[in-house]
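Here come two complexes built around chain A, the first alongside chain B, the second alongside chain C.
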Partner chain A sequence: MGDSREAKRVAARLQARSLELPYVGEVPLNLDLSRRDMLKIAGYGSLAAFLAACGSTSTTGGSITATGGNMSLGSYGSDPGSKAGVKAIVDAFTAANGGTKVKLNTVDHGTFQNQITSYLQGTPEDVFTWFSGHRMRFFADKGLATPIDDVWNAVKSNYTAGFEASIKGNDGHAYAVPTDYYPWAVFYRKDVWAAKNYTVPTNWDDFKKLCEQMKKDGLTPIAFADKDGWPAQGTFDILNLRMNGYDFHVNLLTGANGQKWTDPKVAQVFKKWSEITPYYSPGFKGLTWEQGADQLLRKQAGMYLLGLFVSDEFKASGKQADVDQLDFFAFPDVGSQYDAEKALDAPIDVYMVTKKSPTLSNDLGQAKAFMEFMAKGSTQVLYWKNAPGSIPTANDADTSQYPALTKKAVDIVSKAQKITQYFDRDSRPDYSGPNGMQGFLLRFLSNPTSDTTSLQKDMQSFWDSLPPE
Partner chain B sequence: MANTTTNAAPARARQPEAGAVAIPARRRRYTLLTRHDKILLALMVGIPLTLDVILIWGPTLASILLSFTNWDGVGDITSKNFVGLKNYQFMFTGYTLFWPAFTHNLIWLLWLTLIATPLGMLFAVLLDREIRGTRVYQSVFYLPVVLSLVVVGLIWELQYTPTDGFINNALGLVKSGHIIDWLGDSRINLYAILGAASWRHIGYIMILYLAGLKSVDPSLREAARVDGATEVQTFFNVVFPVMAPINVVIVVVTAIEALRAFDIAFIINQGKNGLELLSILITNNSLSEASLVGFGSAIAVILLLISMVPIVIFLTRVMRNA
Partner chain C sequence: MATATAVAGARIRRTPRGRRLKPARMVLHAFLFLVAILWLFPLAWALFMSLRTYGDTALHGYISWPTDGLTLTNYQTFWTQGELPLFYLNTLLVVIPGVTLTLILASMVAFCCTQFSWKFNLTVLMLFTAGNLLPPQVLVVPLYFIYTHTPIAMLGSIDIGSFSFALFSDNNLLYDQYIGLILIHVVFQTGFATFVLSNYMKTITKEITESALVDGANVFRIWWSVILPLCRPALAAMATLLFTFMYNDFFWALFLLKTGDKRPITTALNNLQGEFFVNNNLIAAGALVACIPPILVYIVLQKQFISGLTLGSTKG
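After this line comes the complex of A and B, so read on.
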């Protein structure tokens, strides 16, 4: 901050002497810099960076972006892969944007999420990592995010319409740049399946038959791990989408059109779900998703419904041979008219610009330049290389280097007619948390075969108790 | 054990009022305080009072006010946010987690009072007998107290994890396929983490009580022995009554530990599925992404009211002693 102000001051003085500031290249020798200015230049690392910093305030004119200078970034990418990916992006941005210094603040993922409300109202960084969907629109509605229509107009040719819809606020403005996504599907190990001659089930009955066979073969048919509460929402999503359709699902999760949790269609979902709970991992309510992934990795479990990020756990095992064995199939048809939608969860991660950052007035140009930079396929590939469970969103991303698994993931999403973001991104945050849906689903899973009438009644009365959004 | 002290409390609870009589104003000109003294006194009372008001009373009153709103933590609170008693009404009637959480806090309190605290006291009495290696035992039992409850939670999570955990593997349950889901089964997980909490609590009580035992006049025991009392009789009839001040501290510490129970359950699974606690409901409502500040505050007010009970008992004891 102080640096940029100092740089502006120097730039203003230089301009007063009516010097043409070269952006790069030859430097006039008669700059008449004071010793203090020279120290400042040393602080910038190079004269070029210094001049670029000066240039940002004087030569960009009507452009929305600025080079050099400073900006800050609040990131929830706290696990090793994401951390390395964000670091790589930041370094590349600094190099590409005239030496813009990026102050990176990485916060533990869960903590970042829990504190988002106070974070955005306090003194946040200029740019922050977040999710698309309802959770993005929520903060846009509250005026805690800066609309970036100018940036979006500059980059939207690099995106499909689906992504464009995912970053629009309720007011129609663009609020984010989508950077990666990942589908939810049923994962399995090719070698285990080949050894036992299993084939991919395409309908519900085959799926259950396969589970039964796996059980006979001494495998846990479906790895399931719900200690953290959110993984079960993935199964609810896919069953509800396939049985009751996209529109019903969205209405239910947002309470739109008077849709209620007491609807018998919701009871049908629970009933269907109870048909596969006997095939789940023993003690699943005490397992984390990583432990579930380990069951698949160690050939103890046959299948695992999870996001593509399960591959990160395979990668963490350190054996490429294991990663190569990982494959998946789309959730089997359940025999409803909505099977044709092929709907699935494919959450999109985004970058957004905050509103209350104390440095934003200085750094807005840099922040927007960063957002533009994030919309490049090359930037996103940089991240993907570190976190292979996150697929780039930009059209110009170089897909030639994708392994088969990633290619298949892109394919399954492009075949889906309807895409949802995941329960906790599509519904209101106060409903989807441990207080609400996470707890309700755990209650259902404690006794899956029992009648769900009272459960659904509690779900609805909790919904009704929530304040208007 | 705790009964003796709590029974005695109401009888003398009236006394503090006597001490609260103000110095009559008309005697002011005979005061012995100099101007300097008065300034000093004002500063000494004023600074702590200001801090107390700003840091404790301010937030407390703010919580109480917030509990009548549906404020979501964003922007200003307007008159539209005030919803009267709606938060309380929902908490007691519609909110399915409140009564389980309340019950779990109660179980926590009973467990600590009836099991962990007496065990800690027993250890203290045993160690006070100067048995061989008493220092080693002291260190062993006290070691967990040095750890934060978060660390305790992490350590025990590793022990309890269904398939990879030490306990199920040591019992051979993983091999036989009859896994006990210590953390996920809502019928037993509360007791599993109470075991972890006791691991720490016992050492804490032990040290407190041991310090008290060391300060008991040895001549009392000698006199009891001369009179032919047994060890047990000596403890219950002589030592225990003499330890009354420490006993109150122990009771209050136990009650406070039960009310502020939070860390372990939150580390295990953010306090759901059988591990609901009042403190966790407050956090999950007001401090999480949910941001139901108003509703969370209403739960906080209830917890405050409950907390007043041991605090008032403690204060009346302290004031009476003074």
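After this line comes the complex of A and C, so read on.
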């Protein structure tokens, strides 16, 4: 502890000294340096701009697309297969489009989805991977996607009307190019069914009888896994589509035409659903979809209503013999007038052009060329070879290489008169999440036979509490 | 703290040679044993999972004896599919400048606040300490907009193979840049580092500073040639702590980086999750591999860690 007077004296001297600290004088020198740097940077910058301009002048007269140059692509395809597929597409595009350099940014699927709003408002890539349906229209309405009617007009002869409808925004413009899809259906193992002489049920009563028989045979009739909340929405979708029809379903999910969740038709869906809940896997609230698929794989469960991606789990288990046993059938009729629609969930994945990409003004021609390239069957088959769970959408895709399961999937989707995108793609995101529909369905599933009036009231009041989109 | 007192206590109390086994001691050991198992169980379970193939666990469930035997394929896949070396390099690019900058800045503040008395001495120190109380999550949204609107010079890049490190920025913005990530780490760690370093510097007598002043050294010189060498143990302790803090960061890299390939190793673990399919065995292997560097740092610099925990716990 020094003498306090002494300390004060030193402090005073220090203050006096700090006024004349030598490096104050360095500041102008620094500024000078940075000014020179700035000039240098400006020089390099204009040189780069000049070179870039040279590179992209090869635009063909009058065409909306451009060759050479650069573009960037933001992809959520983080699965090993998807990653390889996108890489193959990008390489093929570069080769086909006069050496256009594609900067590919792959972000893991979950993060990409969670951050999409800030991503599209920040500094997105020129082109990005996304979903069709309400989720696409939402961002189109917000002005965060570039309409691509010119591209669509050039490629639409390669698509069916169902796909065309799926990429139109609320303003009637085209916003995306559909590249792949997969259907939801009831999956089963052929060997298990052959051993027990089960036949595919085509109506509700047969379906329930089959469940009863499976229960007697010691199987879990229907594998069900809802830990993550979203798988249960698939059952709600298909029941609502079969019982109340496509138009009712779409109105309900978007709140259009004053459609309310308190409608007695919704109560009917829950009532019908409660007839098959006794056949579900025990403890399904703690099971992930992979664990549900494992029950099918291990021959413990008889059926499983899920997307085609269930085959991923069969493949990951490492045995081709198991994959070969996988088969599916369309959800049975329930005896309503809407059975004829054969509607089902078949989510479509799309590519879109962003609006706020800092490089888009330079790259728009290349981006549009890429979108046209994505609409080719040959491009989509390239992707499908790496990620077989996703089926090409283009008419000219070479279907001869498809295995039986994929052919069947194409078949059931082409027979469907109406196609929906899945609950969380057709409804608003904040309603389909854990606080909304996911939670409500779990509530229903914990006591399926009880009256759903209060549940439906809560569903509607939650809907009403959401801010306007 | 508990560890520190235990260590100190053990040193003071010499244990008598022929001691009897007291029941209280047995209970204590049983308790410690149990707690150790509780702590080690998740790690051991992750290790067990990571050594089994996905097919094996899918067929037999996670609670089962491995029928296919244990393999290292998950680690192999992680190394190749996860592009591990790249992400480790990313981490280093963030952590090394981050730790260095934090220590330089924090030691400057601590030096001024402890070695000289001026009016706002305590206020400045309190300001820096108070910064620690701010939860970073609160700042995410404003920070995102600041980052996407702050222009940063683009000065070319250093390319090593497929890896490209942009000097300052490759998109003229602070967003999606290593430099942005480094800055946010520096900002959030400087408070804590200042607090600890100033407590340590308080134990250095002011006479040293004063005699240096008398000898004609300027303030910068005193900080660099007198105080910093004296603080070496504290700086080493802080460096190891800061290394683990910045290494463990998952949050900032997720929000302030857009490019998947720029992510540090911790955030890159997320890349192993696909759209639908998640290979938990592979993720367990990845998480264990990502754990190794901090564990190594801890083992090598254990002494510094413990002294780091007790830094400033006694008044000088």
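In this section, the second predicted complex is superposed on the first by the 411 of 469 C-alpha atoms of A that agree within 3 Å, B and C clash if a C-alpha of one lies under 4 Å from a C-alpha of the other, contacts with A are read in each partner's own complex, and residues count from 1 in each chain.
Basically, contacts are C-beta pairs under 8 Å (C-beta built on N, C-alpha and C of every residue); 3 or more make two chains touch, one makes a residue touch a chain.
In this text the structure is predicted, and so the values were computed from the model without any measurement.
> Applying the document's definition of touch, where does A:S378 land relative to chain B and chain C: first, second, both, or neither?
Neither partner.
> So, does A:P434 touch the first partner chain B, the second partner chain C, both, or neither?
It touches chain B, and chain C stays clear.
> Have a look at where A:L297 lands relative to chain B and chain C in the superposition and call it first, second, both or neither.
So A:L297 only meets chain C here.
> Taking the superposition on A as described, I'd like to know which of chain B and chain C A:S118 touches: first, second, both or neither.
It touches chain B and chain C both.
> In the superposed arrangement, does A:K319 touch chain B (first), chain C (second), both or neither?
second
> Quick one: is A:T160 in contact with chain B, with chain C, with both, or with neither? Answer first, second, both or neither.
Touch status of A:T160: no partner.
> Quick one: is A:S274 in contact with chain B, with chain C, with both, or with neither? Answer first, second, both or neither.
A:S274 sits against neither chain B nor chain C.
> Once the structures are superposed on A, label A:F284 by its partner contacts, choosing first (chain B), second (chain C), both or neither.
first
> Is A:Q213 touching the first partner chain B, the second partner chain C, both, or neither of them?
neither
> In the superposed arrangement, what residues of chain A touch both chain B and chain C?
115, 118
> Sort out for me which residues of chain A touch chain B in the complex.
Touch residues, chain A against chain B: 113-118, 121, 142-144, 226-229, 281-287, 291, 295, 429-431, 433-436, 438-439, 442-443, 446, 458, 461-462, 464-469.
> Quick check on the complex: what are the chain C residues that touch chain A?
53-55, 58-59, 61, 81, 116-118, 144, 148, 153-156, 171, 173, 175-176, 205-207, 209-210, 213, 218-220, 254-255, 258-261, 270-279
> Chain A touches which residues of chain B in the complex?
Of all residues in chain B, those touching chain A are 70-75, 83, 90, 94-97, 160-164, 177, 179-186, 189, 268-273, 281, 284-285, 287-292, 294-295.
> Could you please specify the touching residues of chain A with respect to chain C in the complex?
It comes out as residues 2, 6-8, 10-11, 13-15, 17-18, 21-23, 37, 41, 44-45, 76-80, 82, 105-111, 115, 118-119, 122-123, 288-290, 294, 297-298, 307, 309, 312-313, 316-319, 358.
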